[in-house]
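Step one of this worksheet: look at the structure below.
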Amino acid sequence: MLNLLSRPFRGGIHPESYKTLTNGSGIDRFFWPRNVFLSLQLRNGATLTPLVKAGDSVTRGQLIASGRNDMVAPLHAPVNGIVTGITPHFSSHPSKVKCDTIIIRANSDRRWGETHPQQNYLALSSEQIIERVREAGIVGLGGAGFPTVVKLQFARKGGAHTLVINGGECEPYLTCDDVAMQEYAPEIIAGVKLLMIASGTKKAIIGVEDNKPNALAQLTSAASEDDAIEVRAAPSIYPMGSERHLIKFLTGAEVPTGGHAGMVGVLVHNIATARAVYQATRFRRPLVSRVITVSGKGIGAPRNVEVPVGTPVNEVIEYCGGVKESTSRLLFGGPMMGQVISSPYIPIDKTVGGILALTDDEVKTREQTECIRCGQCVRACPMGLMPFQMAAYARLSDFSKTEELGVNHCLSCGACSYVCPASLPLVQYFQFAKGSINANRLKAQRSATARALNEERVQRLEREAAAKAAAKAAKAAARKARPARGKVKETEND
Amino acid sequence: MIDFEPKAGPFAHTSNTSSRIMYTVVLTLLPAALMGIYQFGLASLQTILVCSVIAIVTEYLCLKLMGRAANACMDGSALLTGLLLAMSLPATVPMWLAGFGSAFAIIVGKQIYGGLGQNLFNPAMLARVMLLICFPVEMTNWAVPTPIDFSGNQVAVPQGWLQFDGVTAATPLSGLSHEPVSIVAQFLGLGGGSLGETSALLILLGGAVLLYRRIIHWAIPLSFVLGLCVPAAIASLIAPESFSSPLVQLFSGGAMLGAFYIATDLVTSPTSVRGQLIYGGACGALIWLIRSFGNYPEGVAFAVLIVNAASPLIDHYLRPSVFGSKSMARKS
Amino acid sequence: MMIITVIFFVLLGAVLGAALGYASSVFKVESNPLVDEIEALMPGGQCGQCGVAGCRQAAEAMVRGELNPNACPLGGQSLTQTIADLLGVSVEMGEEDIQWVAKVNEADCSGCGRCYKACPFDAIVGATKQMHTVISDVCTGCKLCTQVCPQDCLTMVQVEPDTRTWFWPKPQQAATANAAA
């Protein structure tokens, strides 16, 4: 009851955290891959143009692929080595769809190609920092992978006043942000300062769940000199790391339904992103590696590892002691919102925060039964939706009704499926409904384009017919004027 | 074996299952059921057994007939329906009547709607109301509590399994204004009434366990009790000679069982907290109205069925507000 | 009393009947607005895949109830749903909504130019005696081009899902529900 009253937002759950598997030891920086695979297509479908070809040798940090605009962050070589080919390969997408991938065979040299340390980096202007962030190809490292440069520009234009740094890390198992905060607190604070300059925000609040006391202590002491930066403990409740819910807890503002953080004057970045911004600005090092948690009861030696982007899953798992017999699922990210790894050769992209090997004991897969309308999902939903009703309509493929119930506001956080006593795959119903709604929209667009093209064509044909008729009439008129000559010509033509 | 087939998450789950919920509810009901057996003798044990067994057997047959997985009959929901029905019956009902009611609850109350989770009305209450209307004599034949004497000299001995010749009397509710019953006795469960409805204390304890295990939400019991007691308090203040006090209302008849076990039935109650408050309040108020002004002395079953019918409507109109919808309304 | 009642109702019936008859002749609609509305939703390719000569005729048939709202393969589920909503009927939704597009087999193409003349959506580009190609983002899969190609080098292919269009399939239902179905 007390627990209920002190909740920072409605809904939410308290899953078993399993964080002690990895939060005790530091970051392992000794891993180095044999090959890296850099997908040229992002999860949202945008593509990159490769700037290297097979046989080229590349140095760590060299630009190797660029996007069409700021929405597509450029790619840099994460290792020194030789490009062995650009061929279709698995990407970190659940569909097993293959897309063009730059494959680099790494050599053991770990030095950076060329970096230019920047003295007095805090004196840089907003534009300069944004430019460095753009060059470095930084995307949100919390999981969504939205290009940081776009967010910064947007916040500047929108006049955001508060920078929220997300140290929630509410997913069970994951501790990569936790250990990063413990080990890199000064770098993170420096990154926060840079982000504040770049975005023009006057105040920064770092929200960290209270189950990470060491991280909180480190950040508090690192930020103690700056009055504009506040470090605050947030209650440990899933999904505290959700942008909307963290903003609500830290600032009291509620992001409007269907809206974004900018509407309440807030800009949100992840802890790891702040550090990447520091690295990019201070050393001009592009984003080519990240800290990930390799955990779960199925992993031989769970730990946090710094891995170059593009490393395939099997190499990382091998490094961390391999998987045990009892493993039933490999996942990217946490168990709540993570994705099934559908092949061990899938590479890690910039947005992956962890690799989990879960045993049956942890997954607790059970036969699904009928919904008993117990309402647990309704009380667990942090967005105030009615999951069981949405799932019932999605099951009937009644998407207009599902949409009306607010399926598009669903975060896919999985709190409903977690509590469901009937083990219904609620989240998959919502993913299915969202996908179908989107597909129908695309189809409707295609239809509309077709219709417009058809109308244009009909008009064009009419114009052509009219022009032909006019030409014929003109010809006839000309023939009338000079009958003799015209007649000769016509016979000739025949 | 690693499963590489894509599946949407989450890959973590509580160990809670529907079946575990059902059996927990059954377990928390047992003290009150035992109290009934103690009070009314072995005949009540007989009623409980007949209702439970018939419910499970009927469920099994229905599932078989519909070509569904028949082992679902052991998921605890049928057992719970049977037990709840038994607890709301007079201890001395003939066995054929208990069995018929139980089968009716499963077939008409649950399976014809499509089985578990699909029914509109509480099956046990539907069966109870049917029995009350069709067999009014048998259903109002209240046994006077004659506790089992453990020395072996029982006062009311069932004479054979099918004929029970208990001493009968009016339930406290039907004689409310004539002979005041001690509230303490009612609270403890020493008064008369239906088999499992007598001891408010034991039901309250069971309900507390359910609340603690988060199987039921506090909204329905709270609003139910308020809905019943507030009008009762007002009426008894104005005209104490014709209306009974709120405590009598609360601790007599099926009110406590209704508040914690029947109105809170997961399938037939609304899911949002606001909806549950309205649902529980309406249920309590209706019980008071039926008891005070209706033809039947007890109104729990009728009131529950009426609010059950309103439950889908409540769920439709009282959805929880979507996160951020308030600030959106402010913006525009 | 009895007579008054009878007279009253007879009169009432007569007056109302006359009013209705008058209204039906005064407010008569020449063309059913529903037909226009549905026709406006259709792709307008006059491809005839629904089994009716053209889109207008198809809309008329749907309003008359002779043609199922899901008859237009080009519009897909979204069109079916919109039409079904307009007509106030419920329609069984297929699970799969496959997008077909035409594809030119370049080796066989003679550049005759018949296909791009046949395409109602200008989705085929090319010049006479040169190879043609299909703009697959615009092609609706109406198959009209395959009927006119003398080389039979136009085939219909399914659009393979990529990371943009792939989405989660509907979950398998519970074992109990499956057995019942």
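We call the chains A, B and C, going by the order they appear; numbering starts again at 1 in every chain.
Everything that follows uses one rule, which is that a residue touches a chain if its C-beta (ideal position, glycine included) is under 8 Å from a C-beta of that chain, and two chains touch if they have at least 3 such contacts.
Keep in mind that this is a model prediction, so the values were computed, not measured.
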Handout entry: Closest chain to the centre of mass proxy, which here is the mean CA position
Key = A
Practice task
Pick out whichever of the two, A-C or A-B, is joined by more C-beta pairs in contact.
Solution key: A-B
Fill in the blank from the handout: In whole angstrom, the CA-centroid distance of subunit B from subunit C equals 53
Exercise for the section: Just give me the whole-number Å value for how far the CA centre of subunit A lies from that of subunit B. Expected result: 50
Completion exercise
Taking each chain's mean CA coordinate, subunit A and subunit C are separated, in whole Å, by 37
Completion exercise
For subunit B, residue numbers touching 2 or more other chains are 6, 8, 72, 115
Exercise for the section: Check each residue of subunit C and list the ones that touch at least two other chains. Expected result: 168, 171, 175-177
Exercise for the section: Please list all residues of subunit A that touch 2 or more other chains. Expected result: 94-95, 369-370, 425, 428, 431
Completion exercise
Per the touch rule, the subunit C residues reaching subunit A in their complex are 41-45, 74-79, 81, 85, 93, 95, 97, 99, 120-123, 137-138, 140, 161-171, 173-177
Handout entry: Contact set on subunit B toward subunit A in their complex
Key = 1-21, 72, 75, 77, 115-118, 214-215, 217-218, 266-273, 276, 315, 319-328, 331
Practice task
Flag every residue of subunit A that touches subunit B in the complex, lowest number first.
Solution key: 1, 9-10, 15-16, 94-96, 172, 244-245, 253-259, 263-264, 323, 327-331, 335-343, 356-358, 362-366, 369-376, 378-379, 381-386, 388-389, 405-406, 409, 412, 414, 417-423, 425, 427-428, 431
Practice task
Going by the contact rule at the top, pick out the subunit A residues touching subunit C in the complex.
Solution key: 41-45, 91, 93-95, 97, 99, 367-370, 394-395, 397, 399-400, 425, 428-429, 431-432, 434-436, 438-444, 446-447, 449-451, 453-457
